[in-house]
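Chain nomenclature is as follows: A, B and C, assigned in order of appearance, with residue numbering initiated at 1 for each chain independently.
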Amino acid sequence: MGKDVVADLKRDYISKLLAKGARADGRRFDEMRPLKIETGFVRSAEGSARVELGNTQVVVGVKLVTGEPFPDTPNSGVLTTNAELIPMASDSFEGGPPDQESIEVARVIDRGIREGHAVDMSKLVIEPGKEVWIMFVDVHVLDYDGNLFDAANIGANAALKTCIVPAKRAGKGEDYQLPVQHQPISITAVKIDDKILIDPTHDEERVAEARLTVATLETGNLCAMQKGLNGAFKLDEVFKVVELSRKIGSEVRSRF
Amino acid sequence: METNDSKESSREIVVPGDLLAISGKKAGPGTYSEGGKIFASQLGIKTVRQDSISVVPLSGQYIPIRGDLVVGKIVDIGASNWLVDINSPYPAPLHVNEVPWRVEFGETGKFMTVGDIVLIKVVGVDEVKRIQVSMQDHGLRKLTGGMVMEVSPSKVPRVIGKNGSMIQMLKNETGCRIYVGQNGRIWIDGELDNIVKAVRAIKLIEDESHSLGLTEKVKELLSRKGSEREM
Amino acid sequence: MGGTPTDLKLIDERGLRIDGRRPDEMRPLRIEAGVLKRADGSAYVEWGQNKVMAAVYGPRECHPRHLQNPERALVQCNYNMASFSVEDRKRPGPDRRSHEISKIISEALTHVVFTEYFPRTSIDVYIEVLQANAGTRCAGLTAASVALADAGVPMKDLVAACAAGKVADTVVLDLGKEEDNSGQADIPLGYVPRTGEIVLLQMDGDLSPEEFDKGVRMAIDACRKVSEIQRDALKRRYSASSADVDAAQAVPEMPKEGP
């Protein structure tokens, strides 16, 4: 309660601008904010990246430890994704155990990596059914100005791309590059007044009716989606977001 | 370019704990005295006057002072008051006796509701920072239309400018009505394109509040034709 | 970095340490102020291989309400290590160690903040360790002080921090990770340079009174240097710019139109 109440005037202003084809920060509807990717930011992680998407800033670290595979996938490594929406990043985030919002972010990032087969998990097996590499992808949000999904997804992709499997440290042979095979890039859009806006800021997210995240692969195929918020999309709007995601996703992918 | 506004030759940025003066002056805002010496208590610009020394802060929260005009946002409604967020650590209850209408007990919601923006005045601050605000003065009211933006409260003097010169220029060049609350909230109303222009100019003032030739930069931005609508 | 060999030579025949430092030499320290947009104040510290971010929110309404002090602001620090900040992945969330560090840093900062200016509020300080390499509490406290000043919080001085310790029977400054792992003592210290007050002090290991005396003095000397780097970071953020300050006395704008 309190500060997070959106002033009606702010909502109206965003609406009036959208009606004229403009966004408050001057972007086109289908334009992402400036993207900065710095890999190898954290040396204590096996792979890491710091990503700035406009004023949103996240650090993603990948750690690998050895452990048991799941009984139903004896020939596959294990992926675990976690997101920390820490109170440093925004006065709307609270400390304590992960809430629904952080869990949703983590699961959507996880889905992109997993279903997009970003990593060849069969190459993370030490002894089938007994010992595999367990891959932890940890998203740490430092500064929050909307669209965590894409900032975290891009950070995860960048961190995985530079990740080294620490086999030597674990006494499992020589270190090797994590077998990354795909870059499932997610692009998120929100709907405000029947307009579709890519890469929403925090202000835009707060007045958005609905949100859709679409992850695509270099083939142009889709690998993960998540619709959020109380509003709804029409089918043609969904197709539009899919098309935008394919187009913008490939631009982002070319940065890796 | 770099010589324009540099009449303040002694402009010095100070940090908490910096020694400002040995003795003889009064410790003004942003400073404290200890053992006859005056030190900075805030990050800011050292300002020396004849009888006092102070630090003009470069950042910080809005702390209400009696008489301040502020732009508030209604965040809760009670039976006989509205709770107004005035962008300070202290919530400000606006009592029904302090509005220009006669409001029956329990009927507050008929007049103003959560999310409304109001122009009010701080009429009381006690020693434990309990705040009283009022809407009973000339021009105070609920604000409708237009847009409300926030700047760092420490930048408000820059938006207003020397003797109101900056705000006057903003009003003249954009034709907008603009109220600058001491709490860093600014209400702007006018043609949409002009509001956008004013918002951009105020953002520029905030980002470059301590750079040379700011007035010129703002003038340049405002005089640009509305042709490039990239905003 | 591999594991920790037991026969690690912490001080060589020339008297230099495992990373080539002299006993009284600090690791390189770099501080940036104002690095986050959402927070009211922030600072980023790189200290050797430590990477630490600090952010400040407030003074703001104090939650939970029962912690409110009718006469003062409450300085609440939260120290947290990212799961990937250490070699063996740390389980996310606070543990006993981070609770303790949060508490002693809160207390150290409370000493310098003019808490009486903001009754009933809280000043929330968040420290996130992104990469840890021994000395994170000192790096965190150093970053937090800069973030507080960046947020415009009135304070008597910045708190600077640095540790001293003992490795291979030698008193040394600012222990690195290998030294911390196989060293003989560690003394993290937080210091107010203007007044000479010690606001954070811990010690573990084994030291003679003479060694302790030497270590503490070494740490205090280092804190003075840290303080200079802190002050420089804050001044750098606003330098290379200049303006007429007179605007600060501008008359507040009163509304002219009627309702």
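In the analysis below, contacts are C-beta pairs under 8 Å (C-beta built on N, C-alpha and C of every residue); 3 or more make two chains touch, one makes a residue touch a chain.
Since the model is a prediction, treat every value here as computed from it, not as a measurement.
Visitor: So that we know how the chains sit together, what is the shape of their touch graph: line, ring, star, complete or other?
Guide: Looks like everything touches everything, fully connected.
Visitor: Which chain pair shares more contacting C-beta pairs: A-C, or B-C?
Guide: B-C
Visitor: Just to be sure I understand: the centre of a chain is the mean of its C-alpha atoms, right? Then which chain's centre is nearest the mean of all of them?
Guide: C
Visitor: Please compute the C-alpha centroid of chain A, do the same for chain B, then give the distance between them in whole Å.
Guide: Distance between chain centres, rounded to whole Å: 37 Å.
Visitor: Measuring centre to centre with CA averages, how many angstrom lie between chain B and chain C?
Guide: 31
Visitor: On chain A, where are the residues touching two or more other chains?
Guide: Only 2 qualify.
Visitor: What parts of chain C, by residue number, touch at least two of the other chains?
Guide: Within chain C, the residues that touch at least two other chains are 60-61.
Visitor: Check each residue of chain B and list the ones that touch at least two other chains.
Guide: Residues 91.
Visitor: Per the contact definition, I'd like the list of chain B residues that touch chain A in the complex.
Guide: 73-76, 85, 91, 114-117, 143-148, 187, 192, 195-196, 199, 229-231
Visitor: Under the touch definition given earlier, write down the residues of chain A that touch chain B in their complex.
Guide: Within the complex, chain A contacts chain B at residues 1-3, 5-10, 12-13, 16-17, 20, 22-26.
Visitor: Which residues of chain C touch chain B in their complex?
Guide: Listed in rising order, the residues of chain C that touch chain B are 40-41, 58-61, 70-71, 112, 114, 117-121, 149-158, 192-194, 230-231, 234-235, 238-239, 241-259.
Visitor: For the complex, give me every residue of chain B touching chain C.
Guide: 5-8, 11, 13, 15-18, 30, 32, 34, 39, 41-45, 47, 56-61, 63, 68-69, 89-91, 100, 119, 128-129, 138-141, 154, 157-158, 160-164, 166-167, 177, 179-180, 182, 208-212, 214
Visitor: Touching residues of chain C toward chain A in the complex: what are they?
Guide: Chain C reaches chain A through residues 2-3, 36-39, 49, 51, 53, 55, 57, 60-61, 78, 80, 82-89, 92-93, 124, 126, 128, 130-133.
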